[in-house]
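Have a look at these structures, which come just after this line.
After this come two complexes, each holding chain A, first together with chain B and then together with chain C.
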Partner chain A sequence: MRILTKPTSLRSITPLRLSLRRQSTSVNTLNKNELPFTHTSTGPKEVKYTADHEWISLHPDGTAFLGITKYASDALGDATYIELPEVDREIDANESIGSVESVKSASEVYMPLKSTVTGINEELENTPQLINTDPQGKGWMVKFQVEESENNGKIMNELYTLEQYENFLKTAEE
Partner chain B sequence: MFNVLRRAEVFNPKKGFLRNRHRFFTSISLKLDNKNEHSDYTELNTMYTDMFDSDKFKKEPGLNDKSELEILNEETEELLTVKHSSLNSTELENCVRNDGTFVIRSSSNNPYYNLALEDYIFKHTPLKATRPNNRLLFYINDKCAVIGKNQNIWQELYVSEAERKGFEILRRFSGGGTVIHDLGNVNYSFITSREKFSRSFFNECIVKWLLESNQDLSISLNSRSDIYFDGKKCSGSAFKIAKGKAYHHGTMLINSKLDSFNGILRPKNEKDIIWETNSVDSMRAEITNLPLETPERFIDICTNGFQKSFSDNEMNCLPLYYCSEDVTINEEIQKTMHTLKSDRFKYLHGPKFKLKLPLTGDEFSVENGVIVNASSPEYKNMPFQNFVKCSNLMQPVYNGKF
Partner chain C sequence: MLRVSKRFLTKNAAVKKTALYDLHVDLEAKLVPFAGYEMPLLYPNIQNHVQSHLWTRKHAGLFDVSHMLQSRLMGTDAIALLNLVTPSKFSKLQEGSGQLSVLLNDQGGIIDDLIIVRERNGFAIVSNASRRDEVSRFISQQIRDRLPGCNIVWEPIENKSLIALQGPTASRVLKEFVEGDLNKLFFGQRQVFPLKDHSDININVMRGGYTGEDGFEIAINESVSPDFASDLLANEQVKPIGLAGRDSLRLEAGMCLYGNELDENTTPVEASLKWLIAKDRRDLAENRLKFNGYDKIIDQLKNKTNEWVRVGFKFSGDTPSPAARHGATIFNNDGITEIGQVTSGSVSPCLSINIGQAYVKNGEHKIGTKHLVQVRKKLFPIEITRMPFVPTHYYKS
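Showing the complex of A and B:
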């Protein structure tokens, strides 16, 4: 069984990326040189992953960033449009905050935490390709403030660590 | 012609899935012989009879020189006239939320209902660890133009012209470009797991099933996995991925009034109307009908193909359910219909854009459907939707262009 199998049409286009992914467990690691990491000088206090292939970087001041994983963006193919939420919008846990459109597919992106949108990556408007080239860095989608609550803490605990996410991908592929 | 073809198929022993069908009919027909009231059998036979269209096969009984085959065919046709019943809301919820692979047909032609029903089935199909819960939905919409989730309604369509011609305008939840529907077009929607999803898979199935039904049909897939007949596009596809699941839905033109589609889709690169936007493009293509007798014929072919290909057991025929707007409805579907009808989703959703009208010198920037900047400041903060309605009066040079 495989999670997020590449469509056959895309398989032939991205063999290089596929083989890279198999050799390394780090393709889904956050890019340490871009805002989702560098928002605070010491880096985020936590980076977590969802089963829907989103990543979250949470900083000590409660600011967080969300995007999709390299694994997901490889599987989707070339992004043509990124739908993002309005700034100041309050989001319920597990609500859709936008979508990545690629090759006639709208792929929904979800926010696992109850939060408020404080910024969006405007670069994606003119350069949706950042979702493919650097989804865990320049291709971040949403900046948000996480509401401090028991429930959010619980959700954060339940989300995958990088290692758990990689294992999730591995077991899903078997 | 239609009936002749159907019969030939039912009794063609070379085609495996049709053998199945033969078997079912034989056994059910024998039982029917014992009683006269078809209604008594409605429930019993739903599973099998629902595979077929019930309206198309009415025939006068009574010639004396009937062959065995003809008698059997008559029984089959009698069987086919058994009225199918639609799922009620509880039955819908049960069959959607529980594991299972099935075909489901909407008998409604209301595009809002059909898109909302599709969304409901997609959202509530359970994820399964092993074989995915594959579902195939069919619906036929009344006249409408349907744009992709991330498109600009005015850039895709001559909105006033579409409305004048009686075409409803909708934004859908999936990606891709703009398509036009009418009663001669079938919409199919194949729901599967994200892990099994591939953009080309289901159209490959359709082409295979169509060729099995008629090997001379000149159909093929292009590089974008669109189905072409005689070198022209007869089907368009779009996809949606969410929560571990995906659907591929598409249109199939069978006997659409293609002439009536003229003048609704805005061509690219009009010289007097200039758009600057990152919205998703529609691929313009010459279209044609696929020459099948009726839309129902297409549904039958795909239903049979699906039941044959997706059943894990040759004897176990996958169920076919019917939905109708009056009984197969629930709060969630109504809520989604409301969303689809709302100005917020139709007009205030979608990518930002700039519009330049060189003939009048006007320029606009529009975000979330509202004019945020305009060369004439009085238009600022006006929903673009309102602007175009009055602009047709104010600027005769662009009359009918929006």
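Showing the complex of A and C:
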């Protein structure tokens, strides 16, 4: 997820979105009671994180869910609007698939894998606050069918594990 | 996101703190660098952004605005400087009365927007924190080069906090603290009041603010400002509000933010601030009475020759949409012809629709005109709207 709106001047709202607080280590875990986990009864085969604060849960049938981490949702503040892609859209690796807006900022959300959109979380249209209350569960954003390819496998391998992501957050703040 | 944040979070020895800094820390504010100061953005453990915004519209919000530049203009020729650098009329202004004005460069561009109040021995000025250096340089240079030999002294005021108390219950709260009659202090007026329990402490109170609500901006010595702010916050009507709320409140009130709506290439006519140009300063024969950029500004005013106009807009579609932010392009209804650019925009917490301010081509600015705005790859219908977006509640005589 990357911030969209460009700095305009020192006084503009630009600096308002830059202060990120450190989180305790457990908050970025996937919620085990919601669809991104329960899509497969035994849970996803992998959960990975990006340096831009997306999480992705990949299931054995090639279905993947994507959302933003708790860390990111706290940093962005109360969500006012979530922009989501059209179903059936084909996504290139690292393509923007939507955005999360608060009163003060807009941040674009990216899908790291080449895939096809197979569903969106329609609840977010009327209840964007789910992004804040449960970003790694009820606040999931997009469902994809991920094509099995060498490149996708390589990307998936290079993404952060939960532990690596938490370490990344710590280093980034020091 | 983190790449940027890391740079900004780096400890910078030059970042200044206001006298209320420790109070912000005690209140667990989320602090951000802003115009050279470390300032509260939000108080996340008290309210989120939308709550803090709505609280100020219903109750009273306390804002630390000590980062703004307070200054004083004195000397027998002070009016000559104001006549040169502003389009306002100060000669008839009564002591204790003030108004919004702009500093103009030679081309009629806006150096800063500011509040100027007549005092017994000169003028008290409050201008933008982000323009501190430019304003200092500009005023000194204008006195030196344009009014040589004149008796004019301009100096920043040090050691004073500036606290804004804004909202419908602000006056009820402040009454408890001051000796004197706040009911006789009207919008745009400034007066010194002793504190009730400490008659040795004077506060300088101006009625007005940056939210569209009734309220006050209070100058008080830094030695006592933290205690005073804490006492105000002890009232259940008062909550601390950060820069996030300040920005969304001023946007709803249709007010300009320097750097977004105003800059050195923008005239007051283009900025839809014609009302700042005093009626009897629009037709001047004598050169020595003309303000900077007079010919250009008066031509724009009389012949509507300005290319751009600042407007307010709202989204007119029925479906939820992303807000149009600073830099978003506005198109004609054909979706091809570019006719403007957004300068500020977000969802309005009071109206729950997307609103914004923009510059559009002269002629495309009429209230009710329908245009399209591009957010990322999509176009959304908007309509030019009267500002303020929410009604103001000033305390006027």
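What we mean here is this: the second predicted complex is superposed on the first by the 149 of 174 C-alpha atoms of A that agree within 3 Å, B and C clash if a C-alpha of one lies under 4 Å from a C-alpha of the other, contacts with A are read in each partner's own complex, and residues count from 1 in each chain.
Keep in mind that, in the parts below, a contact is a pair of C-beta atoms (placed from the backbone, for glycine too) under 8 Å apart; a residue touches a chain by one contact, two chains touch by 3 or more.
Note that the coordinates shown come from a computational prediction; the quantities given were computed from them, not determined experimentally.
Applying the stated contact rule after C-alpha superposition, one finds that A:Ser99 touches each of chain B and chain C. Legend: residue contacts after superposition of the two complexes on their common chain; A:Glu86 is shown touching chain B, with no touch to chain C. By the touch criterion defined above, A:Asn157 lies against neither chain B nor chain C after alignment on the C-alpha atoms of chain A. Which of chain B and chain C touches more residues of chain A: that partner is C. By the touch criterion defined above, A:Asp78 lies against chain C but remains apart from chain B after alignment on the C-alpha atoms of chain A. Of the two partner chains placed around the shared chain by superposition, neither chain B nor chain C is touched by A:Ser41. Overlap of the chain B and chain C contact sets on chain A: residues 1-5, 8-9, 51-52, 80-81, 83, 96, 99, 101-104, 106-108, 125-126, 172. Those residues of chain B that touch chain A in the shared complex are 129-130, 148-150, 173-177, 194-201, 224-225, 237-244, 246, 278-281, 351-352, 368. On the chain C side of its complex with chain A, the touching residues are 1-2, 4-6, 8-9, 30-36, 41-42, 48-50, 53, 128-130, 243-244, 247-248, 257-260, 320-323, 325-327, 346-347, 349, 376. Within the complex, the chain A residues that touch chain C are 1-6, 8-13, 15-21, 51-53, 72, 75, 77-78, 80-81, 83, 96, 99, 101-104, 106-108, 125-126, 172-173. Only residues 1-5, 7-9, 51-52, 76, 80-81, 83, 86, 96, 99, 101-108, 110, 125-126, 128, 172 of chain A touch chain B when the two sit together in their complex.
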